[in-house]
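Two complexes, one shared chain (chain A), two partners (chain B, chain C).
The block that comes next holds the complex of A and B.
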């Protein structure tokens, strides 16, 4: 456990000192959402109707933006080999990197989301659910993304390939995330949607570290 | 000096296949406590591949590698990679020095995830004469300095087996001498060293393995692929 924290601390230190990554993710998130009122017009009802979906899609895209670098820098400078050789299961290493990734990208997105919800005229009833759904959904995004990030190591144009691999897998999270927000607005039961998001998270937590670690071993051969 | 351990590490009938081409085959090696093995051979003869294989990063296409501890049954080294990884230090072509972390932070991280302490960091900086780099971030280091930080990493947390892939690259003469001394101390303590080199590294009593002797002489289709 101490070693797990050591890995998380290192990745956080790298993220903060290399600076811009988290800020760029948040900036992209804001800009992507802000484009919609310009595109569909400032009419309150229209915006309110698409608010949940817009924020979720923008969150998916911006969380994906930083995925490419999840393993790439460690792969390029040889750190990944040493991490694989460290007396820590590679699956645990993957999980630590995912935790650090979520703390530096997922968490800022959740904090920014209410501001954007105001901008998109999301009805007040949906706010709590939006935050909660994002809190359940964004860790799953980082987990699934880790598998994609491990698979693209060593390939050229990895970024584009990554989005092709990962975005289809994000669809279930998008569906249940948006329907949870809609259910809250229309005063329907939110719980089933949240349970699905929770199930996706637990499933991803159990499976993706193994898949990503296998991908990393393959990349190192 | 630590108690001489009696680990043994050997490989039997190893074959390496890269890109459907046999790099080497029927290769045997053996390391005993305090032993050193120098890998020589022309470019592409498989020195790096053999070292990566010994580290467990590359699975042998044939043959096996075994590790035996004192009075213990020999076990297949490629079975449990986490266990095997803990026994060895690997220095590859890349120095794994993060540009935004200082020398002490770089070394400290690798030492801590292997259970090393803070005190060993200073000691390791001393061994390669890089105390002045203690709080210098990696991005301001020269290639030779990064290599020294990478080598200091293997001093900071002990492991019985050192796998060094051309460790003298970018090092000056004085530092090569320091590396030779470090290798000698490691061997005196019962450690084992495998290193590949194109230049001379003074390791008294070492064995030499010329990878060119194990190059494939026949085309691939005459061999049984594993």
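The block that comes next holds the complex of A and C.
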């Protein structure tokens, strides 16, 4: 556990020293959402209707954009091989890196989301649910993304490829995340959607580190 | 299973089986299509356009079947390092993608006269579309590496991840669909389908399956031969 925290701290330190990365994810998140009113027009009712979906789609894309550097920099400078040789299982290393990734991208997204909800005229009833749903959903995004990020190491055109691999797998989270927000707005039961998001999170937590570690192993062979 | 792991033994057997598969496929297609066009009755509601079903439904089945086959072959390749399993998974992907695309295309053609639109965000159509994306991602990952062995391994892991996810995606799309749309537009004629329509459908389905086996054999043999050619070329270059 101490080694796990050590790894998380290392990745956080790296992210903070490089500075701009998290900020850029947040900036992308904001600008992606802000584009929608230009696309569909500034009419309040239209915006309120698509607010939840728009914010979720933008969150998905922002989370995905930052995935590439999850393993890539460590792979390029060789520290990934040292991490693989370290006396902790590679699965735990993956999990530590995912935690760091979520802290530097998922968490800033959740903090920014209310601001965007105001801009998109999301009805007040949806705010709490949106934040809760994002809090349950974004870790799953990082977990599933880690598998994709591990598989593309050393490939050509990694970034575009990553989106092709990961986005179809994100669809269930998008569906339940948006349904939760919609349910809150229309005064329906939010709980089932949240339970599904939780189930997806727990399932991903149990399974994806294995798949990502398998991906890393074959990349390091 | 390991008996057939030897490519030479496999090639020998495949050489015998392939013409038979071709013959059976052509015979089944000929019978199935004849029955579909001439003996099967038109539907009392949908008229003649119901005949698209005889291609559409088997193609959709095969789209899913091929993904399962690909995932199983990938698992075998990862676990036992079975040399032919990698080749089989790789050979299956484009065939499965083609079946899925065929199902979507015929579905769209069928949808136009039936529902008056080319595309409906129906649960089944949507999950087929996502299946197509999974195939495309698999093939793209496979071709993205300079080292073929890496491409094969990475895509094998992806195929397994996709196989775990596919039921979840299917379920969530169903859920999404029931929330966002009133009762579905498509309902097949219920569980009771007339034997005159069922027979051509089953014959076509088996025909699609043997067609897949046929193409699979051709593609595996081609892949093994291509590997041999590559190794010979490398030897030539290195003066070995």
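Note that in this section the second predicted complex is superposed on the first by the 221 of 221 C-alpha atoms of A that agree within 3 Å, B and C clash if a C-alpha of one lies under 4 Å from a C-alpha of the other, contacts with A are read in each partner's own complex, and residues count from 1 in each chain.
Everything below uses one rule, namely that contacts are C-beta pairs under 8 Å (C-beta built on N, C-alpha and C of every residue); 3 or more make two chains touch, one makes a residue touch a chain.
Quick caveat: nothing in here was measured; it's all calculated off a predicted structure.
In the superposed pair of complexes, A:172 makes contact with chain C only, with no contact to chain B.
By the touch criterion stated above, A:120 is placed in contact with neither chain B nor chain C. In the superposed model, A:157 makes contact with chain C only, not with chain B. Touched residues of chain A were counted for both chain B and chain C, and C has more of them. Once chain A of one complex is fitted onto chain A of the other, the partner contacts of A:110 are absent, as it touches neither chain B nor chain C. Of the two partner chains, chain C is the only one that A:219 touches; chain B does not reach it.
The residues of chain A shared by its contacts with chain B and with chain C are 221. Touching chain A in their complex are the following residues of chain B: 55-59, 81-83, 85-86, 88, 90, 92-98, 100-101, 105, 109-110, 112-115. Here chain C touches chain A in the complex through residues 78, 130, 133-134, 136-137, 140-141, 144-146, 150-151, 153-154, 157-158, 160-162, 164-165, 168-169, 171-173, 175-176, 179, going by the rule given at the top.
Put simply, chain A touches chain B in their complex at residues 3, 6-7, 10, 13-14, 17-18, 76-79, 81-82, 84-90, 220-221.
Partner chain C is touched in their complex by these residues of chain A: 147, 151-152, 154-158, 161, 164-165, 167-169, 171-172, 175-176, 179, 182, 196, 200, 203, 207-208, 211, 214-215, 218-219, 221.
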